[in-house]
Amino acid sequence: MQIGVPSERWPGEARAALVPASVKKLVQLGFSVVVESAAGSKSGFPDDAYAAVGAKIESDRSAVLSGSDIVLRVRQPEIEEVTSLKSDAIQVSFLDPFNEKELVGAIANAGVTSISVEMIPRSTRAQKMDALSSQANLAGYVTVIQAAYHSQKIFPMMMTPSGTIRPARVFVIGAGVAGLQAIATAKRLGARVDAFDTRPVVAEQVRSLGAKFVEIDLGEVGQTEQGYAKALTPEQIELQKEGQKKIIAASDVVITTAQLFGRPAPRIVTRDMLQAMQPGSVVVDMAVETGGNVEGSVLNEIVDLDGVKIIGQGNLPSEVSRNASEMYSNNLTALIEEFWDAETKQLTLDPEDEIVQAAVITRGGKIVNDTIAKLHA
Amino acid sequence: MQIGVPSERWPGEARAALVPASVKKLVQLGFSVVVESAAGSKSGFPDDAYAAVGAKIESDRSAVLSGSDIVLRVRQPEIEEVTSLKSDAIQVSFLDPFNEKELVGAIANAGVTSISVEMIPRSTRAQKMDALSSQANLAGYVTVIQAAYHSQKIFPMMMTPSGTIRPARVFVIGAGVAGLQAIATAKRLGARVDAFDTRPVVAEQVRSLGAKFVEIDLGEVGQTEQGYAKALTPEQIELQKEGQKKIIAASDVVITTAQLFGRPAPRIVTRDMLQAMQPGSVVVDMAVETGGNVEGSVLNEIVDLDGVKIIGQGNLPSEVSRNASEMYSNNLTALIEEFWDAETKQLTLDPEDEIVQAAVITRGGKIVNDTIAKLHA
Amino acid sequence: MEAVLLAFILMLSVFLGFELIAKVPATLHTPLMSGANAISGITVVGAIIAAGADLGPWSTWLGALAVFFATVNVVGGYMVTDRMLSMFKKKDSDTRGDS
Amino acid sequence: MEAVLLAFILMLSVFLGFELIAKVPATLHTPLMSGANAISGITVVGAIIAAGADLGPWSTWLGALAVFFATVNVVGGYMVTDRMLSMFKKKDSDTRGDS
Amino acid sequence: MSLEVLGGVYILAAILFVFGLKLMSSPATAVRGNLLSSVGMLIAVVITLLSKEIIDYRYIAGAAILGAVVGAVAARRVAMTGMPEMVALFNGSGGIGSLLVGWAALYSDDRSAFTLITVMISILIGGVTFSGSLVAWAKLSETIGSGAITFGGQRLVNVLILLALVVCSVLIVFNPALTFPLVFVVIALSVLLGVMAVIPIGGADMPVVISLLNSYSGLAACAAGFAINNTILIVAGSLVGAAGLILTNIMCKAMNRSLSNVLFSGFAAPGKATKVEGEVKPITADDAYLILEAASSVVMVPGYGMAVAQAQHVVRELGELLEANGADVSYAIHPVAGRMPGHMNVLLAEANVPYDQLIEMDEINPRIENIDVAIVIGANDVVNPAAREDENSPIYGMPIINVDYARTVFVLKRSMASGFSGVDNPLFFGENTRMLFGDAKQSLSSVIAEFKS
Amino acid sequence: MSLEVLGGVYILAAILFVFGLKLMSSPATAVRGNLLSSVGMLIAVVITLLSKEIIDYRYIAGAAILGAVVGAVAARRVAMTGMPEMVALFNGSGGIGSLLVGWAALYSDDRSAFTLITVMISILIGGVTFSGSLVAWAKLSETIGSGAITFGGQRLVNVLILLALVVCSVLIVFNPALTFPLVFVVIALSVLLGVMAVIPIGGADMPVVISLLNSYSGLAACAAGFAINNTILIVAGSLVGAAGLILTNIMCKAMNRSLSNVLFSGFAAPGKATKVEGEVKPITADDAYLILEAASSVVMVPGYGMAVAQAQHVVRELGELLEANGADVSYAIHPVAGRMPGHMNVLLAEANVPYDQLIEMDEINPRIENIDVAIVIGANDVVNPAAREDENSPIYGMPIINVDYARTVFVLKRSMASGFSGVDNPLFFGENTRMLFGDAKQSLSSVIAEFKS
């Protein structure tokens, strides 16, 4: 079976879907791997490195797409490229199936089997394929580095002959995978960290990293079976805003990571809160791609609001593209290994399998995933 | 006595010479303080904040310059502005007297007393006025944040279901004030840090921060009485280069801070060493303003050499302008307090005083500082 | 021979006393002193013998006086120690909650 | 009376023995056991008395045999302990340099 | 020389024994301690020889010289590895010495009940010590098979022997005239009892047995002291008896066995070692200390509970102490331990655990059988063998750190509660698992305290 | 009732005393310990009353009831703050009790030298305890001035009293006929000696004095035991005597004084307290522990040496232990401590010292007089008083942390070497300075070990 890795064309995407270490593993399993030339160059993996472990470097992109049984990407394909795929090909990538209605339809029509990695369930078994987590984790680290880079203050405390610098105060809203890593990184740099999340179970996890959990009483808030947060009622959102106001005003850095799986992110930091912050403070909105937690944040821009910088950088994992590619590549490799049948030399996606049910969106010309099918109905 | 604070016009300079907290102190001592409007805006101190503690906000720059007995700045004045000063004014700033021959001459001719803060000796008594240290310290922190921002790798180690990320390797060359802070910050972020310096006394200090000191035998190397490094002989430079080669090749981040007081920085990282580094690595040359430690580094640019980023950002303290302004302002305030005679309400710069001898460059129309006078002779 | 045995007992008791009170926290210094003091009231046993063994009027009177004093020591000593310790204990269980 | 005194001595010695060996590192288990074993050879004193006090031929012979065995225990025990400990000590001073 | 002087010197000797023992419980002073105690012995022997009771020196001299030579040569010759056997032999000769002293006391004029009882006790204990030590020696040196030797009715036989011993002793005490035939029976039975008590114990337990017999030989000397009314025998004997008992207890714990198990194993019904399934074995910090102190390889397996307890600093401290104690220490990090990727890394880095001591799951699992102790610090799901074995478990198939294969596992948690996945953990019921209940930081601090005291 | 039974019960009582004392040295078990020891006392008293020696109960009953009432009422009534005085009074009555028992023993038939000597000792110690305790009580309750009372020739007077005591005792022993006039002299002199011994000691030292007198009263009971040949008196008395002495020693160290200083202060030439300049006073970790254990406010002053020793983690640990022990703990950071700005901050943050415990120089200096112990951890220049006082010093004028104004200063460093600036440090010779030599991490670990044991 041939695996094809086209290079990413999504603007600003520096990650690669497969790194040489994974290629080596797959070749050993018996795959032939074709990599479009320069696919890894932006994440620090030159073509030679791929070639050295047995991949074929192909400069003709359409050859990569049309010749492969499995196509691995980071981002969803452009709709024009769908037709270049073999009709029984398997295409694995982030698909954004809730929003890319048209694309999903096109893939289904082309008869391609598509796996959407963000739909991989968060079960114990699937942990090693969970790209959403692996990338969110790195994104959490990046938010803090970005905040530190743009901050006019240093994070740690310093008592020096020229006076004492107080530690920066960092407030992290949303303590999921990314939020927790942001907390850890900010703590490491010496900041004083507060955090808030609507899911009460998170409080203990926040404290386990040495940060303070801000208690805001929102009444009943739950979490879904997968561990995602439920949306708040409008009253609850108001309560939350009220509770955060003072802390945001006193913070030098605010990092928001609040997301709701498959829906627009909640708007929880408003203009008046931003205005109450000291000039020179920094706000990082990690949810900017799904609508933004912060009023006035703009994707891939830094907005200056009376001296407060609102960072709306999207695609954060791509900032540490080398590690992000490695992790993503490991996730895809684990996925392939999980369904690879060494005897038949086939990828057998058993429709009864829990992971298949969740992550396979189209197959045999149809949209087979229940949730997505509903959207299209 | 009136103290004047013009706003900084040096390109990219975001610091302010005086922050409101210091203004308050000086006003209490009996000074009147005039601040040019927007002088603190880039470092997060709005005009209101100055006004609130008793400063007069003046939008006419020439009024600030010509009306003040003491003029405080971060950077040296433009040569055209020298004549606007009162003839017996005292002007305090970084002066760069080794290079700014013409400016020093002009100041002397104008009869202005000029204090060059980089010339303040590193004696125990002068520690609180030591702006070189206070700014270098912040610069050390900034180098690491910049490196982390531009790195394609994260710094800490992470063992995750998607694989293990090894800690980034950081190599710090030159472990003076800035280098040590860089080491500390990189360690904090979780990197594995090696460091080297020509002064052997530094080894213990490096280890005291938990980093590894790289032993390279250079033969006899000393340090000056002030604690600055002596220049190496060409043979020693070769030895050093040889010794560093392997570590640089294995490092993800190289930070160079090697400086020689009053001379061009040594060139210690060469092109071939850079080429041996992995693509995606980052080199930060902190000495770029004094000639650069790294071959090919360009002031205020990021040079990409086969995927290795060479960061030549100048004026690093200005990146954390708020804290940098606070520290610098404290240094100047300490200087004024030291020489302020509360009874006569005069700044008495006793020519016998050790600090005066070292830091006062011009006075009464003449260049009084020995070292600088020699350059002009 | 008996003197030798008594000396043995003395020696062993001294060692044991030293080993027992190896490390005592400062908070216990006073109660421990007081408790040990109560034990030293054991002289009441000697007093009882002197007072009760009918060895003559002098001995009896002296003994009775000794019984009085020693009893003061014993009864007062134990009670005062107990008071100190019970206060101490209360404080202890109060703070246990936080730790 | 004497029996009482001896019982007192027994009691105190037992307590003292317990207190003395409160916490011993594993490396010392064997030497300590061996050292204690050597002390238990104190029975040699009893043997000497039995052998030397001229209480009759049986007693003398049995005593002499007892002296033999007990001396083996004492002399061998102390020497073997010393050997173990001296080895241990050397190792200890070797490593002291690194720590 | 008056009895008072003799007694005074005995007191001096006893003081030296006390100091000797005290010094011997710390590595730095142990050599000095041994020396002091041998000086005490010398003094006691010399003063006894000088006392006026001793009339005839011939036999003594001969026997003592012979004994000294034999002892010295044996002590010199023995290889370092043969030490335990040698100690067993020495111990046995001490035991027979006490037996003989008791026996000899029967020829004195004093036939009071007190004397007779103490004589019987010294013969009994001396005999058991003697033969028991010989058997222990034989097992250790593999002169006989080192396995446990058991046979049906063993328990009954032992009880019968004991009964017979009691009967004979009672007869002798109540009718001193019967002494001479019966005392031989007592001697024989005592020796037999020693054999019977030790043969059913396996060779691996021999060090504990020797330590126990050592305690016995002290008690034998003490009993002999009562029999001949000699204070130094009583004091030294009971010191050793008590110290030996404590030592035995410590050794048992370090081997993860209970003293009663060793003490009465000979009397228990043999061959029926029943494994109790589903039983949780809690352990206290001081017992955990004893086991750790004797371990030469330890792996720490941290989990979310370490983070909750903020125990990372004490974890590192314990690691350092174990290393200083000569153990190999590593930290095995499961990829999903904690609640975020790299959670454990953050905390252990904060606590300054060197990166090269952190090892991955795939690295530790192949060699975990050789680990003496695995300390599971607030981890649960990531060490749950159900993930490996129970196909119906929701976490089946997740790779885990196989701590259950280590020789001993300590699990530090606050309760029997389950972890993130809500699944029960059979590890807690494992044969080689000990639960150290309580907040992880506090539990570890207690263990550390034991280490430092 | 046979003597054996009496003895056996005495042994039981003694066991209870031993356990009682043992339990009393840990807070958790102290109450139980006190109870056990009181049960022991009850048993000893009851069995004595039942013994056949006692014929006449009348006097005993009356005296005992009276004594019990007085003791109980006093114990009930006394305010918590008055405890030490009360203990002193009780102790005094114990002392007079022993004196009387010894005295009464003179009326028995036994006039052997041994008995007479022990009687003399019990009278002497009992008398000293009695009057000494009364003086201590008077000083503590401020019935008399609590200052040290000294006069010329005090030393001579004391020596004369002692001499007279010895002479009288010797006369009595060699000529028992002289007993009755002379014993009164002995009693009077003993009581006088007690007064003389305690009056020159200041009120602040009284707790130590009481503890010492408590030890004496144990010895008095022990001596009385020898006089009347009673084992329980000997055992309990000597237990208390030894325990009291150790306790006194501990208390002395916690007050930073030496025992001999307290023991013989009455005999030392008074009023000539000479201050030795330039003397370095080293201290060991266990003595440091005792002082820290009693401290209620501690400030840590880290310097470059802490960084070199990488001692930040143990510093935090000690801080936590001190806090758990009830002390206020803070970390005073000098702006130039270490070798780079914020050096100490980096390390202490790494060790998780909470930010709000870090205080600046300007914040600590005004209140440093009230700090019990300042622990200087590898700092030197930044605590050098020469910067404040010596105009010729190269570092004159640099603001420092005035640790020398704290009540006690511990300086942890490896040698007497100077710091970065190469200047000698007079702090090391300060009256209230103790040098804890060695690597800072190791020194602190030892102190921590003491805390945990």
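For clarity, chains are labelled A, B, C, D, E and F in written order, and residue numbers in each chain start from 1.
Everything that follows uses one rule, which is that a residue touches a chain if its C-beta (ideal position, glycine included) is under 8 Å from a C-beta of that chain, and two chains touch if they have at least 3 such contacts.
In UniProt terms the chains read A, B = NAD(P) transhydrogenase subunit alpha part 1; C, D = proton-translocating NAD(P)(+) transhydrogenase; E, F = NAD(P) transhydrogenase subunit beta.
Keep in mind that what you see is a predicted model, and the values were worked out from it rather than measured.
Looking at chain B and chain E, the chains in contact with each of them are A, F. More C-beta pairs in contact connect the chains of D-E than those of the other pair, out of D-E and A-E. Of all residue numbers used where chain E meets chain F, over half belong to both copies. The two sides are thus made of the same residues.
Here the spacing of chain A and chain B, counted between their Cα centres, is 39 Å.
We define each chain's centre as the mean of its Cα atoms; on that basis chain B and chain F are separated by 57 Å.
Chain B and chain C have centres, each the mean of its CA atoms, that are 72 Å apart. In chain D, 1-3, 5-6, 8-9, 12-13, 15-16, 20 are the positions where the chain touches two or more neighbouring chains simultaneously. Multi-chain contact residues of chain A (touching two or more other chains) are listed as 127-128, 133-134, 137, 156, 158, 160-162, 165, 188, 190, 210. Shown for chain F are the residues that touch two or more other chains, namely 18, 231, 235, 310, 335-336, 341-342, 346, 349-350, 352, 453. Listed by label, the pairs of touching chains are A-B, A-E, A-F, B-E, B-F, C-D, C-E, C-F, D-E, D-F, E-F.
Those residues of chain A that touch chain B in the shared complex are 14, 41, 43-46, 127-128, 130-131, 133-134, 137-138, 141, 145-146, 148-149, 151-154, 156, 158, 160-163, 165, 185, 188-190, 278-280, 307, 319-323, 326-328, 330-331, 334. Those residues of chain F lying in contact with chain B across their complex are 304, 307-308, 310, 335-336, 338-343, 346-347, 349-350, 381, 387, 394-398, 421. Those residues of chain E that touch chain D in the shared complex are 17-18, 20-22, 24-28, 30-31, 33-35, 37-38, 40-41, 44-45, 48-49, 53-57, 59-60, 62-64, 66-68, 70-72, 74-76, 78, 80, 83-84, 86-87, 89-91, 93-94, 96-98, 100-101, 103-105, 107-108, 114, 207, 210-211, 214, 217-218, 220-222, 224-247, 250-251, 254, 290, 293-294, 324-325, 450, 453. On the side of chain F, the complex with chain D involves touching residues 3-4, 6-8, 10-11, 14-15, 18, 231, 235.
Touching chain C in their complex are the following residues of chain D: 1-2, 5-6, 8-9, 12-13, 15-16, 19-20.
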